[in-house]
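In the part that follows, the structures are each spelled out as structure tokens.
Both complexes below contain chain A, partnered by chain B and then by chain C.
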Partner chain A sequence: MNLRARIQFAAAAFALALLAFAAPPAVSADKVDPVADEKAFKKFFYDKFPKLKPEDFVNGPYSMDADLYKQWQDKEQFPPYEFSLELGKEMFSKPFKNGKTYGDCFPNKGIGIRQDYPTFDEKEGKVITLELALNRCREANGEPAFSYVRDEMAALTAYMAFTSRGKPFNIKVPNDPRALAAYENGKEYFYTRRGQLNFSCATCHVQSPGERVRTEVLAPALGIVNAMPIYRSEWNGMGTTSRRFTTCNSQIRGVPLTPQDDEYRNVEYYLSYVSNGLPISGPGARP
Partner chain B sequence: MSNAPLNKLGLIAATVLALSIGAAAGPAAAQSAAAEGQKLAFDRSKGNCLTCHAIKGGQYPGTIGPELVDIKSKYPNRDELIAIIYDETKRNPLTVMPPFGRNRILTDKEISAVVDFLQTL
Partner chain C sequence: MRITTLTSIAALLLLGATSALAAGEDDYKAAYAAAEAANKQAASLRNQWTTTASTLAVAKKFADGGDFDKATASAKEAEALAKASIFQATSEKERWRDLEIR
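Up next is the complex of A and B:
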């Protein structure tokens, strides 16, 4: 290669790298290709961690570190999310004031369906997460919505995840321009750097999984929502997906969005889609 | 990393350096600036460099960045360190290291103190 060609090559390689990590530009819907994304995304993580099996990734930080993994196995003997699971089960079966139950709002009475959420609602043209669907169910039955970041929501989603353990994520992006746009916006949000510290979600969970920030081991983005909700010793309690997303945004001195904001719903849609095929492992326990 | 001319960075660095000379005049002043720099580097609401770098004297370091050792022999030129802290994305657009100067996480004077501290490592 002569010098000029070399410079051009370097520039092209650089542009590609930027695409992969920095900010995928907003593309028109006909260029959105979830199938190709999923393949590339998985290949990136499988190449980076050749010793891990696909299903290992759903254990977050525990998959990254042998010592941590052992701690986790010990912990699973007496899972700290047990109380939440019990509460969730009880809440789930107890009828609302009108006599209906959560089960009446969901396919298969809500059992073993976690892997299908988020789903794209073609009527509304938007992404519906499990947390959102649960609150809509409450409101449709005359009950007030729960906080997205507190124990009740964590308990309900813990129980629904538990009845779905081992089922592979089965997220669909229908060939509808609105669904493709939601998917693409979620992806863009995930890779866009923001805030004073100039971090994107990908800075930590794609570029640095397995590394420690202070004492915490960063989870890989592949399989990162499979274990939600999670018990965290540091929180001394349970956390929903909403809680985790807003906490990550605050940690980077950014202003978190409102839980279940369209952008968070789209990010969850993107992250869940690219983890298709990996088993639900929630509720999870974390250091 | 080479000591090649810093082109674009030179200007910023030179400005920062000019500002810093006053702050770091005399050995006693340099020493207290280094102590101040260490505080800034370890403070979670300031540099919080320990989140990513192991640094002598700091507890619970992260592993995202390289350990900060032998900095003085690796970067004999102070401007280069200022440039890295000011905005490492200039040198490496994909870096995860925050642009402390550009995004005003640290003032020029604070960066200068952190560099004084780095030069003791």
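Up next is the complex of A and C:
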């Protein structure tokens, strides 16, 4: 082989290597099948807890333990989230300085729409959660954004969830490669082990629902977001979905991401989608 | 005389060995920089551990107090934690599917 042939051979080999190692898109859209995922996800939980009705799963740990269920029923007589609900209703109807309200930012004036969030924004190519939509509404109307982990956001989402109680989750993943990628990335986040304790979300909420971690009974992943936001006795207050995700991360000794980072938006999208058809039960109360 | 000489040699050797083992400020700085670099890489993988940051803080505290032995040891521990978090993030890129409900 002369020098020229050698150079040509090397160039061809290099080109082939480039093709072989060229970074593929993060997610191959043709392999993403949310419908099959939802079916398998539900089957797993229905088989694991054959005595529960599908709608029971939205009650989290209360559906897993008879004594806790009894306590919860008593608690619901005077629900601990009531103060938040009242605050949320007041905030929701109070006009911004420009005279507009939250209702002006949402379909149906924001009433009875919780079950449609997170949604995929085709213009932006990203997942939009209800918390994010609320803050964008504020900012669009000249108001500062609320903290995603504090009481104001919990109160607003509590009220919006309450107006959707009993309505089945209706999350859509359009046939758009970006939406499918967001969904798949959310799934990957859910199953990925992280933190020094080497836990994934699934370690607690797929492998161990009904089991105890210290004094807490772990909730099943199916229906877990239907009850958000929640009053937690452990927190002595209300918690948003963002608060739940970030504290889960720190509990396993992982540094939490920033609330509403893509990973959190995507995992909420995934978890909500696989709970499609189960009723909204938020605001919820948990031990 | 012979015993005194041997004792002196042993003492000198021991002193030499101790000074060889003792970490100085430069050792600490190198260990801390390596730990910080590894933790930065973990951040780029979106997988830092809280314990890495707290161990780095311990290292800095020892260094501020002039205890470079303990400071260096803590910095090395922090680097090991950061490297473990990098390994976790890298291996989980494929391994997460083992847990997936199908």
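Convention: the second predicted complex is superposed on the first by the 260 of 287 C-alpha atoms of A that agree within 3 Å, B and C clash if a C-alpha of one lies under 4 Å from a C-alpha of the other, contacts with A are read in each partner's own complex, and residues count from 1 in each chain.
Note that in this section a contact is a pair of C-beta atoms (placed from the backbone, for glycine too) under 8 Å apart; a residue touches a chain by one contact, two chains touch by 3 or more.
Predicted model only: the values in this text are computed from it and were never measured.
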| item | value |
| --- | --- |
| Which of chain B and chain C A:Ala40 touches, first, second, both or neither | second |
| Touched partner set for A:Phe49, first chain B, second chain C, both or neither | neither |
| Which of chain B and chain C A:Ser208 touches, first, second, both or neither | first |
| Contacts of A:Phe96 with chain B and chain C, given as first, second, both or neither | neither |
| Which of chain B and chain C A:Asn198 touches, first, second, both or neither | both |
| Partner chain in contact with A:Val255 - chain B first, chain C second, else both or neither | second |
| Partner chain(s) touched by A:Phe83 [first = chain B, second = chain C, both, neither] | neither |
| Which superposed partner A:Tyr69 touches (first chain B, second chain C, both, neither) | neither |
| Chain C versus chain B, contacts on chain A by residue | C |
| Residues of chain A at both interfaces, chain B in one complex, chain C in the other | 196, 198, 203, 207 |
| Interface residues, chain A side, partner chain C - complex | 37, 40-41, 44, 187-188, 191-196, 198, 200, 202-203, 206-207, 250, 253-255, 257, 263 |
| Sites on chain B touched by chain A in the complex | 50-52, 60-64, 89, 93-94, 96, 98-99, 103-105 |
| Touch list for chain C against partner chain A, complex | 43, 46-51, 53, 81, 84-85, 88-89, 92, 95-97, 99-102 |
| Chain B contact footprint on chain A (complex, rising order) | 14, 17-18, 21-22, 196-199, 203-204, 207-208, 211-215 |
